[in-house]
Amino acid sequence: MTKIDTTVSIAGLSLKTPVMTASGTCGYGLELTPYFDLSRLGALVVKGISLEPRPGNPPPRIVETSGGMLNAIGLENIGMEAFIAETLPRLREYETVVIVNILGESQEEYGTLVDEMSRHEGVDGFEVNVSCPNVRKGGIAFGSDPEMLEKLVRFLRERTEKPLIIKLSPNVTDIVDMAKRAEAGGADGLTLINTIRGMSIDSESRRPHLATVVGGLSGPAIKPVALRMVWEVAQQVKIPVVGVGGILSGEDAVEFLIAGATAVQVGTAHFRNPAACIEVMEGMERYLERHAIQDVRDLIGSIQLDPSPVA
Amino acid sequence: MPLTPRNAHAALIPVLSNREIVPGIFRMAFEAPRLAAGAKPGQFVMLSIPPTHDPLLPRPFAVFNVDGQRVEILYRRVGKGTGLLSGMRTGDLLRVLGPLGNGFALPDPSVTSIVLAGGIGFASVHFLLLKLLKRQTAPTTLLYGVRSHEEIIPMESLDKKGLLIRVATEDGQQGVKGTVIDLLSTTLPRTENLPTATIESFACGPLAMLRAVAGRMKGLGMRAQFSMESRMACGYGVCQGCVIPFKGDDDPKQIKYRKVCTEGPVFAAEEICWDAIQE
Amino acid sequence: MTKIDTTVSIAGLSLKTPVMTASGTCGYGLELTPYFDLSRLGALVVKGISLEPRPGNPPPRIVETSGGMLNAIGLENIGMEAFIAETLPRLREYETVVIVNILGESQEEYGTLVDEMSRHEGVDGFEVNVSCPNVRKGGIAFGSDPEMLEKLVRFLRERTEKPLIIKLSPNVTDIVDMAKRAEAGGADGLTLINTIRGMSIDSESRRPHLATVVGGLSGPAIKPVALRMVWEVAQQVKIPVVGVGGILSGEDAVEFLIAGATAVQVGTAHFRNPAACIEVMEGMERYLERHAIQDVRDLIGSIQLDPSPVA
Amino acid sequence: MPLTPRNAHAALIPVLSNREIVPGIFRMAFEAPRLAAGAKPGQFVMLSIPPTHDPLLPRPFAVFNVDGQRVEILYRRVGKGTGLLSGMRTGDLLRVLGPLGNGFALPDPSVTSIVLAGGIGFASVHFLLLKLLKRQTAPTTLLYGVRSHEEIIPMESLDKKGLLIRVATEDGQQGVKGTVIDLLSTTLPRTENLPTATIESFACGPLAMLRAVAGRMKGLGMRAQFSMESRMACGYGVCQGCVIPFKGDDDPKQIKYRKVCTEGPVFAAEEICWDAIQE
């Protein structure tokens, strides 16, 4: 059997495999180095970087739910300066595409992040988080208001040649509209979905499990919602879609590709197994072999919708 | 600097044994040569039971004992995860990640050690006690508080090794009637004429106990290493879920968060911002 | 210990317990009679009734997901006429409040349903399904368009004195806005949430698991989303809120009451255990006893939000 | 009229035994007096494993055997639910709901019976065979097709009771090389000179097999009771998830849906709208 071709191209970036890490679930990537070689990844998406360091929310920050978890980390990160000075040089030791997830509390903040980081060679592209539900003043408005979203994307597009991937919030009535707005604004790709807003209460103490009350739901519980949004969006836009939400296995990843995603991200699964990405990647490769698929791109959007025999 | 768990590994490992040793408390062993070789007192492992997604996240447990290539944990059945764990039998597979965390810093052999354990907190100090008893020339004392005498973990492994063991039970059925704090009050007079530099204390237990112990230690200006707990998702530093508040570097009124999984679980008691921790 | 008071009042109806069945998960209620006495229920919410009988969607109609399930039943039902003639008389044998869930494909259809059924004594109130994601032409527009929703509720309010409970769709950007619109239109209560739109693919055949491709996600997977929406809405409206989504146990029900729900519904749990409602009810009663709460109403909205010690 | 499962009950029941009798196929027994008293051939139970939410839904299994107060099922390990089931041991608790469904209609004792089983479909006809062998004066034949001879379920319970058993294996290692359809072709000549009113056939197996059998039966104008499968959530008629298409009452080109769980799982083959069922 000839070697299977697993390369895909997203927003002008050539990835050796469609499997990436999801932002915020793998730290800066370096935390994973004891478990596998980062060079095996399609791309490393680092945790959300803001202009200034952020301390994050008070604990408790996480709680488990059925088939999922809620988090309200509050986008804790070391800030752009430290990221560029300390983290980026170490990431450049690996042969993997580095996508920097960015978040701002205003259009200007996003702009400065893109301006500054576009100058650094180790940054291969941006994933713009417009949807994190944990920060009141922050991304939430961009991610749920179609006009603001388009304006933001247009604003960033003018500032960088580097690939610009917009990560959409699922907490909207019409995800297709949001996707089209991002595309119209000049996005090179879309990642969906970010977490779904949820909450949990400790019935004994009558307190919310999270200090911020509301947090973001992730994990296999949300997979059906993520898959539906990827399918709906992939049919309506021309730019590539990166699917994320509840992927634990190679088969899960394959479902997203079949639905129309060009690549996938693995998030919460890393909390069960630091090498979850690799497990997903290898599972996907076994699937391709089993089905004698030579090129992973043949899977993309290959959903079978033959009219059901019943009208 | 966070400790990266360089020796850590994630593997599917078969259960060797799993026994309920006192009501509701289980001792489980698995064969894990790499883990056994690398584990230090105070470190922990993350355990999950494949392939179910419920519970989805792994659960943290202290390394209770290392015996050749066997690693043991001691756990209390409290919820869904430990419920499933308690049903596991020889040969069943577990996913084990570890060893994780920093572990206790072992003192100079000439230092007198006081080890405080509350309830299942004993699980986190047992392996430490074994190491101390091997290394220390100065005496080692265990202050062990439990709610009911039925919970007291049998301690064959610690017997006849020169360990001074003092027990407190809230029901008063064994040892002193009271808590570990009461034991501490009656133990300290014997040690407090020693210079504090020659005493090291170690503690693990419920938050209320640790809070009280921290108060005492502070009053005496005594060093204390505490093994802390918090809700964890990953256990190896990527989720940021497990932070607890510490006094800021410059301004001790400012709070900074540190991760229990990689920067702990063992911390110097006086650095923790106790006021900001919810019960 | 004195007997615990579990009565609550919803939209003018006095319920002996806050626990009801969720529409579409207990058929017409009669299917449950081999398992427990319907008179024990706070209320029985029957499956969605339309003007004409509906055959429902082609199979496959259901598929399991992590901690949940997708359904695309397509609102199969016997139609209003048969419901009134055959089912209603049999339900009247039980001493329980009967709430009829209704669905229409136009404002007029909803109107006719309310007109006709308001005349029948066995109908104690209506739950208006404006959100079922399974029918293309149907409720979806009402449930996601604030203006249309308010207009529909106003239209129905003019036609009936009977309690009018509006069941909201979670597939919206701003659930609080939808809730306020329903309240403004004259609703007596709100039920939330209906299912979340999702999909699932069989990676082997590359076919969607459901014949309709997209279906509604229910079960414990969606509990955090339901609880968050109940909490957000209960603070902003004066009418009572009925919480539904992933309730399996008494503690789950208690979480919804603490978040602000006046009553709860049990849905998917009935597929695991036909007496799930009773299990939830008894679990809730044990909770009240354990916490020495004499009156279940003391729980409602009793969430503890003391400022966290960290600012 | 849907059959309401009046005798049905949902209960937590301990497993008595659970053995892998041929590779990948397990036989499980539980003590369930009410279920044992009420169950008829062709009925089924819904099983779930508390307390996990994954899998969330119960799984349907035919009543394989009733022995005093014991009820047995025979199942193939195919996915997560049957995977968990296969790991259960004596004393573990299962939630059992049943008996559910209509079951097979037993023919007049003078009627010749042909029972067709494909693969694990054997589980649904075993209990029927036992009943038939007890009641019928006319001969009963079992046509049993499996992929590999290794899957053949040992049939001590059916031995020496006058049952004619014919086996087909796709690997040809035992019995006829081929499928149950091939057995049917060579069996029918012996029976087709009987008036069709004096033959009743029963079948359970993969969809492709049932489809083919239905075609044959239709050609011969022979009655056939098929035990059908479909994806189920509840098993007792409330979710509407399990429907399959039937020919309309008035216009056979119109489709109507019927629930496999309460209106089936046994249906007259000729009423099913085979064209509308996806593979």
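By letter and in written order, the chains are A, B, C and D; residue numbering begins at 1 in each of them.
Heads up, the rule we're going with is that a residue touches a chain if its C-beta (ideal position, glycine included) is under 8 Å from a C-beta of that chain, and two chains touch if they have at least 3 such contacts.
Everything quoted here is computed from the prediction, not taken from an experiment.
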Maximum centroid distance from chain A, chain identifier (CA atoms): D
Pair of chains joined by more contacts [C-beta pairs], A-B or B-C: A-B
Inter-chain centre distance, chain A versus chain C - centres from mean C-alpha coordinates, in Å: 33
Separation of mean Cα positions, chain C and chain B [Å, integer]: 46
Where chain B and chain D are represented by their mean Cα positions, the distance between them in whole Å: 54
Whole-Å separation of chain centres (CA-atom averages), chain A against chain B: 36
For chain D, residues that touch 2 or more chains besides their own: 53-54, 245, 255, 276, 278
Per-residue multi-chain contacts in chain A, two or more chains: 58, 66-68, 219-220, 308, 310
Contact graph of the chains (line, ring, star, complete, other): complete
Residues of chain B defined as touching chain A within the complex: 4-6, 8-10, 48, 53-58, 95, 97, 230-245, 255-257, 276, 278
Complex contact set, residues of chain C against chain D: 25-27, 30-35, 55-56, 58-64, 66-69, 71, 73, 76, 219-220, 248, 268, 270-275
Residue numbers on chain B that touch chain D, as the complex places them: 51-54, 80, 83-84, 87, 89, 92
In the complex, chain D residues that touch chain A: 53-54, 245, 255, 275-278
Chain A residues touching chain D - in the complex, by the definition given at the top: 66-67, 308-310
